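Both complexes below contain subunit A, partnered by subunit B and then by subunit C.
Moving on, here comes the complex of A and B:
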C-alpha cells in the first residue's frame, strides 16, 4: 500500500511538469508568430504599396480614391520604362558596376583574408583590426576627399575619372573590400589549423591551399560575402550621385531619381515601377542563395 | 625510408623554452614513440621534424640531410593529425590522392596507390564517400591512407587515437602496428598515453619539461627506469613510492619504511646499494604487482607484513588493493581468490628483488 501511495504521488508531479513545459513552448510559439507577423506586415507594406502604385496611371494616383486599391490596372508604366533607352542604360550601368565590383572585391578580399587569418606575419592582427575600422568610416565623410583626389589625379595625369561609370569600380570597393575581408577572416579562422598544415605537408603552396582547400571549404562564407558586395554596389546611392552626372553614366538608383523627378513633378508610377524592377535582381539572387547565405552568417559562430 | 636525427634541438617561444636541446637518433624502419604529459614538448618536437615549426637552435636531419630550412613539402614526410584533418569537400579517394595530384603523378599510378592503401586499411568500399559520412575510426584510417599513398621517408603521428573511444583505440593501435609491419616506414609517434607508447614502440622516448628523460625499449623503461619521473609515468597503475632509509642491522643492509617495518635487502640489492649514504633521504619504488598476498612459502627477497586495506578494486583477472602507509596510499595487486576485504587486515608480501631505490632530492634511480 505504502509503495502505491508513493507512486500515486510522483505520477501527477511528473505529468504537471511535462504539461507546463509544453505550455511554455506553446506560448513562446504564439508570441513568436505574433511578432513575426507584425514584423512581416511592417516590412511588406512598402513594397506592396509600390506594386499597387506601379499599376496605376498618373491620373489615378493623383485622384482622391482609395490608395490601396487599383480601379483601372495598367502595365503602361512597365512598358514605358522597359522600352525607354534611358532606363535600360541605367540598368546596364548598374549591372556592369555590380558585376565588376563583386569580382574586384572577391579578388582582393579573399586572398587578403587568407593572409590575415593564416599567414602569421608581423602586424597581421593589427592590420586585420585596421581593415575593419576602415569599414566604420561613413561614406558621407569620404566622398569629398575622394572627389578631390580624382580631380587632382585628373589634373596630374589627364585621365578624367569623374562622371564616368567606371569611377565607381574604384570607389565601391572602399565599402565592400573591408567588410568582405572581415567576413572571410572570420570564416577562414573557423577552419581548423590542421587542415592547412595537412595541405602544406601534402605539398600544396599557399596559393594552392587557398584555391583547393580554403575556398571550397569556405564556399558558404564566400557566397555570403558575394551577396553583400552585390547588394552594396547595386543599392549604393551617395557615391554615384556625387561622381556621375551625365544621363548615360548613371546607375539605376540615381537614374530613377534624377530623370523621373522633373522639377517638382514626380512621375510616381514610373518611380515605383523602376524601384520595383531595380529590386528584382538582388531578390532573385537572394532567393537562389538564401540557404547558403544563412549558413554563411551562422557558420563560424561555432566551431564544427 | 630514412633515419631521423635530432642534434641539440631547441624551440623557444619568446620567453618560454618548449624544447630544451634534445638529441635523438631514430634508425631507418624504426617505430619511435614520444611520450610525456601535456606541455612536455613532444608535439613541438614532432612539428619541428615535420617543418611546421621553425627550430630555434640545433639541427634536424632526415636521411642524413640537414632539413632545418627545408619546407615541409620537400621533407618527404607524411603526417597524421589528432583531428584527422581530412579535406571535408573531397571524397576519401580524393583526400588520399591530393598530395600525389599536386605532384602531378600519372592517373594510373595514383589509382594503383590509392587502391592498394585502401585495401591495406580495409576502406575499399568507402573511397567515394565524403569525410562527414564516416565514423571516427574510418576517418582515422583515411588519414593514415593519405599518409601511406605518399610513400614518404617518415611517418609522423600526432596523438592520432586521442579522439577515439577506448575500444576503437585498442583496435586502431593494432591496425597502426600492422601497417608499420607491412610498410616498415620510419615512424615518429606522439602520445600522452603510456599504454599506447609501450604497445606500439620499438623504442620509447619519455619527455618531460622539454627534455628527454629516458630513451629505451618498452621493457627497459618498465623494468629499469632512470628517473622517478619515468618510473612514475610508465606503468598503470603507477609505481608506488615510499619514503625509506638504509640501515645496517647486524652487519647486513636493511631498508626501513616505518618505525616498525624494516626489511633485510636481498644480497644482490644489498651489494648494489652498499655505498649509498645511510643518512640520505631515499624513496623505495615498487610496482603494484610486487606487492601481493603473502605466500605460505618463504622466498628469498620477499618479505611479509600486515596492512589494513582501504579500498579494493576487483578487476576479474586480478584485484587491486589500496592501503595507507605513513600517510601515503599504496597500491598492490593480488590474486582475485585471495581474501581481500576493504577495512580488514591482510597479510601482504613485497618483492624486494624488483625494488627501485631513488634519491629523493635528485629523483635519480640508484
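Moving on, here comes the complex of A and C:
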C-alpha cells in the first residue's frame, strides 16, 4: 500500500483538497479542545476537591453550603497537620523509606543492567527475561508468604522485622529493581559499542567503563529510573499496611488512612490536607521533570 | 563477548604472547565481574520473589494454624463458598470492564492531544497525566470523600439538576460502578501516554497518502493508525490487565469489599482472610487464583516484546 500511495503524492487535485482539509481541520481542532477540556476536568476534579476541602474548617464542611466553594478559607488544617508529631513521623518514615529504597534500587539495578546489557555471560539472556517476568508479578500475590516469612525469620533469629519501618527497605526493592533494571538494560544497550570498546582499549576497567561512560551517557535513563523508584516506594500502600501497625512506624498513605479515620468519624478537612501533602512530592517531581517521568513510563514497553 | 575478543585480536598487529595472556585473564575477570554485578539482583529475585511464590504454594496446603498438611483442602473449602465465586466473578468484571474503558478513553484522548498544535500538547498532556502521578491511595481518599453518603459533592451537583441522591458506595451496582470509575480515572492516563508516544512514531506520509487516496478519518484510523499501533496497544492492555486484576488500593479504600462482599476482588479478599482473619493459608490459596490470568497475560507480553526485538 505504501509504495502505490507514494507515487500518487503529487496529485494535481492537491490545492482543492487542502482547502477542504483545512476547514475540516478547524472543526477537528474545536472538537479536540472541547473534549480535552472535559477530560481535563474529569482528571483534575479529585485533586482540586482535595484542595478545596483542605481549606475548609470542619464546621464549614458539615454545613449545608455549596461543597465546591470555599467561603471562609483557612490554613488551620495545614498548620495542625504540620505541627502534629504523628504526621511528621509519617512524613519522615516515608521520606526515609523512599530515599533508602531509591539508593538500594540504583545500587542493585545499574550494575546488573550493565552486566546484562554488555557483558554477555552464561544465562544472561534468560536472566534478563526473568527480570522482566518478575516485574509482572504483582505485590498482592506475595504479601502473605512474605509476611509469614518474616514471622518465621523473627522466630528463628530473634530479629523482629514485622512492625518496623525498615522491613519496607527489604520488600520495596522487589517492586522497583526489576523495572529499573529492565529500562536500564534498554538504555545501556542503545549506547554504541564503539564507545566502551574505545574505553577498554584506553585501559579502562569494567568498573571505570560503567562510571565514566555508561552512567553519564545514560543519565536520562538513570533519572527516569530514579523517579520511577521514588514514586513507587512513596505510593506503595499494601506492604506498609501489612507489615507495619504501630503509629510510629507507619508511612504516609497508611498513616493517614489508619489514624485520621477514627471509627465513623471522618475528619475530612485533615484527611484531604494529609492526602494532598502526601501527593505533593510525586506531583512536584512530575512538574519539574515531566519529560523524564514520561520517558520512564513509556520505556517499559517501547524499549526491549 | 566473542566478537570483541576477535576484533581486538585482529586489531593488534603483532602476536604478543604477553598481551594474549592478559586478555585471557581480563576475560576471566569479566565473567566474574559480571556475575558479581548481577549477584544482588539474583539474590533479591530468588529470595524475595521466587521463594515466596513457591512458599505461597506450600502455605496453601496447610491448615489455619499452619501445623497440619491438608493438601487441597483449602481449595475444596473455597469451591464450596459462595463468596469465592462472587470474588472470581467480580474480579473478572472489574478487570475487563476497567481495562476496556481505560483503553478506549486513552485512545480517544491520545488522538485529541495529537490533533492539537504541538505547542499546546505539553500543557494538556501534563494535566491529563495528573491522575496517574498522585499515589492511588491518596486520590482514592478524595474519591471516597466525593462519594460520601451524606456530603457527596457529586450528589450536590446532581441535586441541582433534579436527580435523586445516588448511594455511590452503598449499593451493589453503584459500588461496583464507583470502583471501576476510580480505576479508569487512575489508569486511563497511562494508556493515553503510551498511545501518544506511538502515535507520534507513525510517519505523517502514511496519513497524507491515505488522505490522497480518499480515505476518510475512520479509514485512516482503521487502516493506518491501528495497524501501526497494534503492538503498543497489545502490550499496554496486557500490562494494565495484570495491574488491574491484582489491584488492591482502590477497592480497599473505597469500599473495603462492601456492601456485603459485593466489590471484593482477589487481592482485597485475600487480605481480609489472610491478615485480618488470621488465616494465612486460606488467604494464600485465594491469591494463588490470580496466577492463571497473570501467566496468560505474561506469555502474550513476552511474545510481543520478543517480536518487537526481532523487528527492530
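Please note the rule applied: the second predicted complex is superposed on the first by the 256 of 304 C-alpha atoms of A that agree within 3 Å, B and C clash if a C-alpha of one lies under 4 Å from a C-alpha of the other, contacts with A are read in each partner's own complex, and residues count from 1 in each chain.
One rule holds in what follows: a residue touches a chain if its C-beta (ideal position, glycine included) is under 8 Å from a C-beta of that chain, and two chains touch if they have at least 3 such contacts.
Because the structure is predicted, anything quoted here is derived from the model rather than measured.
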| item | value |
| --- | --- |
| Winner by number of subunit A residues touched, once subunit B and subunit C are compared | C |
| Touched partner set for A:27, first subunit B, second subunit C, both or neither | neither |
| Partner chain(s) touched by A:192 [first = subunit B, second = subunit C, both, neither] | first |
| Touching partner for A:201 - first (subunit B), second (subunit C), both, neither | both |
| First, second, both or neither for A:66, with subunit B first and subunit C second | second |
| Overlapping contact positions on subunit A, where the subunit C interface meets the subunit B interface | 197, 200-201 |
| Partner subunit A, residues of subunit C touching it in the complex | 1, 4, 7-8, 11, 29-31, 33-35, 37-38, 40-42, 44-45, 48-49, 51-53, 55-56, 59, 66, 105, 108-109, 112-113, 115-116, 122, 124-139, 141-143, 145-146, 148, 151, 153, 156-157, 185, 189-190, 193-194, 197-198, 205-206, 208-213, 223, 232, 235-236, 239, 242-243, 245-249, 252-253, 266-267, 270-271, 274-275, 280, 283-284, 287-288, 290-291, 294, 297-298, 301-302, 305, 308-309 |
| Sites on subunit B touched by subunit A in the complex | 50-52, 71-73, 77-79, 81-83, 85-89, 98-99, 102-103, 146, 150 |
| Subunit A to subunit B touching residues, read off their complex | 192, 194-195, 197-204, 208, 212-213, 216-217, 219 |
| Complex contact set, residues of subunit A against subunit C | 1-2, 5-6, 8-9, 11, 14, 17, 21, 28-29, 31-33, 35-36, 39-40, 42-47, 49-50, 53, 61-62, 66-68, 107-109, 111-112, 114-116, 119-122, 124, 127, 129-134, 136-149, 170-171, 173-174, 177-178, 181, 193, 197, 200-201, 206-207, 231, 234-235, 237-238, 241-242, 253-254, 256-257, 266, 268, 271-272, 275-276, 278-279, 282-283, 286-287, 290, 293-294, 297-298, 300-302, 304 |
